[in-house]
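For reference, chains read A, B, C and D in written order, and residue numbers begin at 1 within each chain.
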Amino acid sequence: MTEARRVGVVYSFRSMSPYGPVAIYLAVAFLAALAFCLLPGLVARKKPNPVKSEAYECGVEPTSDVSGRFPVRFYLVAMLFVIFDVEAASFYPWAVQMHALRLFGLAEMLVFVIVLAIGYAYVWKRGGFQWR
Amino acid sequence: MALGSGGDFLLTTVDSVARWAQSSSVWPLTMGLACCAIEMMTATAPEYDIARLGSEVFRASPRQADLMIVSGRVAQKMGPIVKRLYDQMADPKWVISMGACASSGGVFDNYAIVQGVDTIIPVDVYVPGCPPTPDGLLYAVNLIQQQIKQGGRGGILARA
Amino acid sequence: MTTAIPESSYSVDVVERSANRMVLSMGPQHPSTHGVLQIITEIEGEIVTKASPEIGYLHTGIEKSAENLFWSQASTVIERMDYLSPLTNALCYYLAVEKLLGIDGEIPPRAQQVRVLLCELSRIASHCVWLGTGGIDLGALTGFFYCFDLRERILDLFEASGGARMHPNYIRVGGLGRDLPSGFLEKLDGVIAMYGPRMRDVRRLLQKNPILQDRMIDVGIIAADDALAWSLTGPTLRATGIPYDVRRAFPYGGYEAYDFDVITRTEGDSYARFLVRLDEMEQSMRIVRQVRDALKPGPIAIDDTKVMPPPKETIALSMEALIHHFKIMTEGFRVPPGDVYQAVEGPRGELGYYVVSDGGNRPYRVRTRPPSLYNLQALKGLAPGNLIADLVVIIGSLDPVFGEVDR
Amino acid sequence: MPSSQTPPAGATALDPTAVRPDIADARIHRVPAAELRATLERLKGEGFGMLLDVGGADYPGRELARFDVVYHLLRIGRTATTLAEVGAPDRVRVLCAVGEADPVLPTVTDLWPSADWAEREVYDLFGVRFDGHPDLRRIQMPDDWQGYPLRKDYPLRGPALERTPRPSFALKSNVAAGTPASGKTAAALQRQIAQARGNSSFAPGSVPAAAATPAQLAQQPVNLKTEDTKS
């Protein structure tokens, strides 16, 4: 009897380790990304022609080789974007549980924002946002 | 991929789904040449609203465009560029020759105009008018959508 | 930071490939060049160090085609030069031909009033396209919808009167092709009534928009003497403080009867050009209102049947009418030999036609003074030192139309 | 449009600029090529701050030199900041004839930078060279184009197309010439008119009811467009 009962146990998420859903989420995301990358390669029609493989530059033949070095400004802009984008992304988990975390969560988030605001003010004063 | 009859059934439904998806979002390439380009812009304006056909996203790069609307007269200097843009568009692709100048040189039967863009790239739908009203362009996009749905290029089975 | 116009920056000569300089073609097919303009820019990161605009990608040989058409047929190709205000082209060409024929004094008043009315409406429609597409360049998509809807109502007027939305071929030598249809004045009142609130919405949306102000103020500054040296005309010149308007300097086609202000500003940057065009639309509507009140029934064309085909219904009745009609339709009329320069204030500046006739039934030479060609040429001096994003704003503020630049 | 083969009728003047009626559009100076540069510098000194336009014209038949380069100037100064100061600025047209053998003129791009593109266009379309021009190359036509299109001896449809006949539209259209108009549309139209006039029982081809005589049918204005949407 117990055998049957144990077999009939419903596999509920609560009894899984807390990271189960996260693992499933990552797996599904990874598989979907993989599918989107590989499927067109398999199914879509391929009609290569020499012009199609060349670089597109507003309809004219590319005038200069792209191998020239990029000015460092571009990397600065990229870094700043990553920093403040990750900051914005890290609000979500707190925002979802805002009521549960109550005052402690709010204080924690404020500290987090203030620290980054100091960095923001520093970059602004040093002219990191101006392109010149 | 040699498939049994079951496989064919599977592929034809996938193909018809692919054709439905392709026909309901035919993205044109931003390539405005002359007066017809103004009427093409007016087709995206509220009165005619090409968004109803799913074509309001004008892609600047040929890599992401399905439809090239040759809107205006093609000068001799612009001819090779239109040809290059057409070649750089991803397959399957369609071409609307909008207006009399693109279709046949129109009123400019002279040295400077390519007498019909179909002499340099294959054209699917010709739109008469100088310039055609935006309704004419909407009807042309409709014809392109019907072409996609009823066969010919598009979908996943056709190898043309 | 704006640089004065360096004389040596006429074009891109092959520079030594310094480390991070790159030659990039902002080419004929580009979302924000307002047409088929190619700018070979040499950029260092985001800053444009040298720019050489290349045109000719829409060269249509209009002047050559005009030389092979009759006098009245040539306006078909000439109207397709500046396709944002085709009626202005036709008016300028026909004023020149009427001067050569010597009948410019005998155009009936109603024809002149309707010509002024339609040209001012096409100026508003042209500025609507400039405002809409200029807004899109800076991300203001709603302005595009507001302006193009107003333009639709104006095109309805062109379609009602001339029969076609954009190239109505309504203005003829000696007057107009047909009289205004019956419901035209009510439609015109509808447009006049709709214009006020619509432009108030557009102004509230765009004029004090901080993003637009940030992008436009102090971008592409043109000094007054540079503007004269580069032969800029129209809103581009008036934004630098010189109130030269052909409607005031050389009144034509009955413009002296209406009062309107010539809008000028002094900063000469993109925002000044933006404001000049916005206020200019107000003045144009002011003229439209004055014409609307002054419109009286009367003849719409000169009754000289050597030049103007007789009305259709008289052809069946009188032999002379049939002969005149047949002669004009098969061989066209002849214009006495001579040359004339006639200028008109187009939406982009002074549009001039230097028309030469050798006494035949076809124009011998029609040379156009295209305002967009000279306004665009200022880009060579303006572009160096700006960001690429500013280049987009400058092109938008110069408002070039490539049918006119490339002819 | 008349085919370019029909000769222009009534062409009388070989040099229209010489026999022009006196139209008050500009003060006209006919200047030989040698004095062109001096005249333009003098005019610039007199206050002609704006070079409106540089244009070309080709008079093959006249005894004077063949090509005419036309400069339009406007007397407007930097200090003109009010309407009164601008007033009615006077306009000058400088005509300069240059021969076909050696069509070269001095450039004016140093006097007025706006002449840059205008001179390039005159070179591109007429073949008149401007020495001293910083960057004289074709502006409208492709760089490898042969010939100067706006010259009178240049064929309208270009050397390549000149021999090919003008496309007669019967060839291009896929409907064989002479096929009668298909009857289907006419019948459908009749049915629509009948429906619009209320006797929807009207079968195509049958005699209409006596009440609706053709005369009455003609009077009732039928706007198929609105009728169509209503039914």
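The rule we apply is simple: a contact is a pair of C-beta atoms (placed from the backbone, for glycine too) under 8 Å apart; a residue touches a chain by one contact, two chains touch by 3 or more.
Just so we're clear, the structure is a prediction, and the values are computed from it rather than from any experiment.
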Message: Comparing chain centres built from Cα atoms against the global Cα centre, which chain wins on proximity?
response: C
Task: Check A-B against C-D and say which one is joined by more contacting C-beta pairs.
output: C-D
Whole-Å gap separating subunit A and subunit B, where each centre is the average of the chain's CA atoms: 35
Intercentroid distance (Cα basis), subunit D paired with subunit A, Å: 56
Statement: Between subunit C and subunit D, the Cα-mean centres are separated in Å by 15
Message: Need the CA-centroid distance for the pair subunit B / subunit D, whole Å please.
response: 30
- line: Check: subunit B positions touching at least 2 other chains come out as 76-77, 81, 85, 107, 109-112
- prompt: For subunit C, which residues are shared contacts with two or more other chains?
  reply: 27-30, 56, 59, 61, 64-65, 68, 76, 406
Task: Please list all residues of subunit D that touch 2 or more other chains.
output: 1, 140-142, 149, 154, 156
Message: Building nodes from the protein chains and edges from chain pairs that touch, which of line, ring, star, complete or other describes the result?
response: other
- prompt: In their shared complex, at which residues does subunit A touch subunit C?
  reply: 57-60, 63-64, 66, 68-71, 73-74, 131-132
- request: Write out the stretch or stretches of subunit B touching subunit D in their complex.
  value: 76-77, 104, 107, 109-112, 115
- prompt: For the complex, which residues does subunit C have touching subunit A?
  reply: 1, 17, 19-30, 38, 40, 44-47, 387
Task: Using the touch definition up top, name the residues of subunit D that touch subunit C in the complex.
output: 1-2, 4, 8-14, 16-17, 19-21, 23, 25-26, 49-53, 55-58, 70, 72, 76-78, 80-83, 86-89, 91, 93, 109, 112-114, 116-118, 134-135, 138-142, 149-150, 154, 156
Task: Could you please specify the touching residues of subunit D with respect to subunit B in the complex?
output: 1, 140-142, 145, 149, 154-159, 161, 166-167, 172
